[in-house]
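Two complexes, one shared chain (chain A), two partners (chain B, chain C).
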Partner chain A sequence: MNLFLSKEDLIRWLDALLRQRVLVAPVRVQGLILLQPVSKVAEVTLDFGNTTLSPKGWFLPPMETLFSVQSNDGQQKLVPTTIEKDAVIFGLRPCDARGIALIDRPLLREPSDALYRERRARTSLIGLSCRQAQPECFCTSMGSAPNDPSHVDILLTEIDNGYILQVITEKGRALLSESFAEYKGTLPKPPEPGAVPTKEVVPAVKKLFDDPYWERLADRCLHCNICAYVCPTCYCFDVRDYSDKGSVERIRGWDSCQSPGFSRIAGGYNPRVTKGARLRQRFAHKLLYFPERFKDVACVGCGRCVRSCPVNIDIREVLRDLQQLEVKSGS
Partner chain B sequence: MDSELIQQIRSEASYLLKDGTVKCVIGYERASDGLTSRPFFAYEPAAVERLIFDETCTHNLVRYLLDKKREKVAIVVKPCDSRAINLLLNEAQIKRHMVFIIGVTCSGVMETSCNDKGQALQARCQTCQMTKPLVYDFLVEQKLVERPEGEPYLDIQEIETKPIAARRAFWSEQFGRCIRCYACRQVCPGCYCPDCFVEQLDPLWVGIRIAPKENELWQITRAFHLAGRCIGCNECERVCPVDIPLGRLNRKLEKEVKELFTFQAGLSPEEQPPFATFKKEETLGFEE
Partner chain C sequence: MGLENPFVPYLATLKSVVELTPDIKLLKVELLDPAVRAGFDYKPGQFALLSAFGQGEAPFGIVSLPQHRDGLEFAVRRIGTVTAAIHELEPGDILGVRGPFGNHFPLEDYVGKNIVIIGGGIGMAPLRPVINQILEHRNDYGKLLIINGARTPQDLVFAPEFQAWMEAPRTKLELTVDRGDEQWRGRVALVPNVVKEVAPSPDNAIAITCGPPIMIRYTLAVLKELGFRDSQIITTLEAKMKCGLGKCARCNVGDKYICQDGPVFTFEQISQFLEQP
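Right after this comes the complex of A and B.
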């Protein structure tokens, strides 16, 4: 059964949620849309394409302390990081929800990542269907859709006078404290994002692994970490121990295969020394290694890397190029 | 798009590649959005047909010369970009005979983003009075637009009048958003240290935390490392995915260096930069 919320209902409901949990929602900061904890509903923006950074940062923060060891009078005590409160993410786009479901596969596979698992279990997801596709969006080519309810607990769809609310999971039902009216109408037609060819992409990457294409594509790559850090499915991190005044902290922070030191190992050897090998790693992880191990291509078509890349390395174009090159090389 | 200008760039590029003078021509091509532009590397004469030039060509391509030191290459430069060539010559990072410079006259590029070719000139272009590259081997001239002479440091002067606490609060908020993607460093022609201090392990200066203190240390140290060296292409600010106004930090230091040493980076390949010069008569400004 679908429910109907007026705009006032929505504000009242979010306010009620805010009183019990951490409410993470899109906020306009300068020209950006950032997903962050809010202290009042008025901070939340409902008018946005998608958030500048993906929601993965809530589950896999840019930086977190995994645990610390404190030393007192010759006694060492291990202090684990604890998650204080339950949270709810509001305004999540369906493509990003799929992104979370995809990184669940490596991170929740046993032995699972304890902090990720706990945050995931204690966070509910309220999705918001897209009314408009951005020019860089291609979610329907990547197994999602602007109104895909698959990976959220509740899905809201905006209509002219309010929102249609679909309860997807039991976790979602638990978020409803008051009863809303039933919505008897039909759901609006979703927008149609651009299409990208994805047929046989996995064998294409495998076959073209040593193709000079990668080196040429990498000529203009700056090897910054933007694509990896804005991506909802890039989950690489680095771990270091730092000591300070009798305590030691184990820190985890985002890392990216594009950074020159990423694959450097003890003794200074770097197996991915060329620009082409580094850039290929990004695409090979998404389009070859991930699907081989976890079934699906690790891209949800959110378009963030396309939007943010300073030199226009466009994954849609890479997918097209790979297919064309494979046809040319004769399969 | 000025087709005559583009034709001139293409024929020169084609000539250089056919003739074997250069291995590659670094220029611009149309981006995948069909509106803006992106860096392009032409290796074969046939590829020059992809070269373009228009007011969306904001990238400072000089940074790529650092990746192409082993072979002679040609490069398309705007007047501001030519200052980066002088900087790299001055700091012995490139050799003049290994670069063929296709200079393009310019009266400004647009504030572009993906799928938007821009409505207005970039702020740095609005008061810029340079129209001709300072160094080139082949010059392509385009129709120029008059730009009013303006005060380039208005926004800096505005910040300077604010109390220190307000300035600190402003920058703390800005740096708080930094995700340490290092796009500012990677795009910068002046950032070429083989081991950046921020990633150095021994000694450990910063560490991997993406957190306010570390972000601030990173950004401030980087700005100081570019004092008297930044040539003002503002690429760092353009590429920042979280819109930190990095250009303001650089221009504040540019202004200081200009006032103290009457020096601006990249104006000549020979003039000694202030921080690479030692003069006996210089004092530290306190009693000795």
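Right after this comes the complex of A and C.
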């Protein structure tokens, strides 16, 4: 049964949620749309294409303490970070919810990543269907859709006078504290994002692995890492120790395979010295290695890397290039 | 939370340190918690991540044998930030251990075979437990040939054990250095050339090699000339690692995660990697 929420209902409901748990929602900050905890509903913006950064950072923060080392009377003790609070993310897009479901596969596989697992368990997801596709969007080519309910607990779809609310999971049902009116109408037709070749290019990556294409493509790459930073499915991380005034913490932070030192081992040997090899790693991991291990391509078609890349390296073009190169090389 | 976090190491104490070479130390560490100690089972070829708290964590092969139940041994070459910090530790100091991780040398599959061990420099570290395991079960295996090279005589890592290796039945130890010194009476030759000269037979044999990439490359060529097939040649790969759990993706080479699919591979497997490690 679908429910109907007026705009006032939505505000009242969010306000009720905010009193029970951390409410993470889209906020306009200096021209960016960021998902962040809010202290009042008025901070929330509903007028956005997609958030500037994906919601992955709520579960796998850009930087976090894994544990701290405490010393008492010469005895050392390791104190792991714990997750104490329940949260709800409001307003994430269906493509980004799929991104979380994808990185669940490596991170929740046993032995599971404890902090990620706890945040996942304690966070509910309220998705917001897209009314419009952005020019860089291609979610429907990547197994999602502007109104895909698959990976959220509740999905809201905006209509002219309010929102249609679909309860997807039990976790979602638990978020409804008051009863809303039933919505008897039909759901609006979703927008149509662009299309790119996807699954069919997987064999091409393998076949064209040693093709000069990658070096040519990477020639203009600045290895600025923005693609990994904004990507909802890039989950590579670095682990380092930080010590200051006698306190020691082990920190985990986002990393990117585009950094020259990403694979360099002590002593200097680096199996991936060229920019081409590194850029190939980005695409091969998403289009080939991830599907081999975890079934699906590790891209959700959110278009953030396309929007963000300062030198216009465009995954949609890469997918088309690979398809054409494969045809040319004969299969 | 109260749930086990696989990023939190076991605490251990450094029991003893032996200076094996000017830049390699043998560390014996003992896990503090007796229950953890009792449950820490591993096989030759597996590795653990050692923490020097405040400096970080890095992966090292476990060079002791599990049945000895006398602490975990690691041969650590001072080469970066973490290893420098580990070298600073003194007996009694606390460090962290996570593991054991990875696959192992499938010695159970090599029963009855002749074994050729070819190691260069710190590459001997993961081969040491293989040698010692074979020597402890000497009758299970055929001939054992060990070819061990280093830059100089001082850099031969497990010198204190050479006597025992040489005296073991059906075992031959060939030592070689790139540059000799006044006392050195042995070979001055590169490892691949020694392999060529000693020319072990590929019949019913397994070659296990570890060392610098350049040594591996030429050794591989020599072994193939001698008739070894890729499936008979085994190595253990070194890779940047941050988690050991198949998550951080640092050690991802081609479609393999060295920390979980490896670090031990046959060259038959490696030749099929999309990307060369």
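Please note the rule applied: the second predicted complex is superposed on the first by the 330 of 331 C-alpha atoms of A that agree within 3 Å, B and C clash if a C-alpha of one lies under 4 Å from a C-alpha of the other, contacts with A are read in each partner's own complex, and residues count from 1 in each chain.
Definition applied: contacts are C-beta pairs under 8 Å (C-beta built on N, C-alpha and C of every residue); 3 or more make two chains touch, one makes a residue touch a chain.
Keep in mind it's a predicted model, so treat the numbers as computed, not measured.
Student: Just checking: does A:135 make contact with chain B only, chain C only, both, or neither of them? Give me first, second, both or neither.
Tutor: Only chain B is touched by A:135; chain C is not.
Student: After superposition on the shared chain, which partner residues are touched by A:238: those of chain B (first), chain C (second), both, or neither?
Tutor: both
Student: Looking at the overlay, what does A:48 touch: chain B (first), chain C (second), both, or neither?
Tutor: Neither partner.
Student: Is A:253 contacted by the first partner chain B, the second partner chain C, both or neither?
Tutor: The answer is first: A:253 touches chain B but not chain C.
Student: Could you say whether A:317 touches chain B, chain C, both of them, or neither, answering first, second, both or neither?
Tutor: A:317 contacts chain B only, not chain C.
Student: Thinking of the overlay built on chain A, is A:213 touched by chain B (first), by chain C (second), by both, or by neither?
Tutor: Neither: A:213 stays clear of chain B and chain C.
Student: Please identify the positions on chain A that touch both chain B and chain C, taking each partner from its own complex.
Tutor: 238, 240, 255
Student: Which part of chain C faces chain A closely enough to touch in the complex?
Tutor: Answer in residue numbers: 1, 3-9, 11, 51, 53-58, 79-80, 82-83, 94, 96, 213, 238-240, 242-243, 245-255, 274-277.
Student: Quick one: in the complex, what on chain A touches chain B?
Tutor: Spelled out, the residues of chain A in touch with chain B are 29-32, 34, 52-53, 62-63, 135-136, 216, 219-220, 222-226, 229-230, 238, 240, 242, 251, 253-256, 259, 261, 275, 306-308, 310-312, 314, 316-317.
Student: Touching residues of chain B toward chain A in the complex: what are they?
Tutor: 31-33, 36, 38-41, 43, 59, 63-64, 67, 113-115, 177, 179-183, 185-187, 199, 207-211, 235, 238-239, 241-243
Student: Per the contact definition, I'd like the list of chain A residues that touch chain C in the complex.
Tutor: 66-67, 69, 76, 78, 80, 82-83, 106-107, 109, 111-115, 117-118, 206, 209, 235-241, 243, 248, 250, 252, 255, 257, 262-267, 269, 271-272, 277, 281, 284-285, 288-289, 292-293
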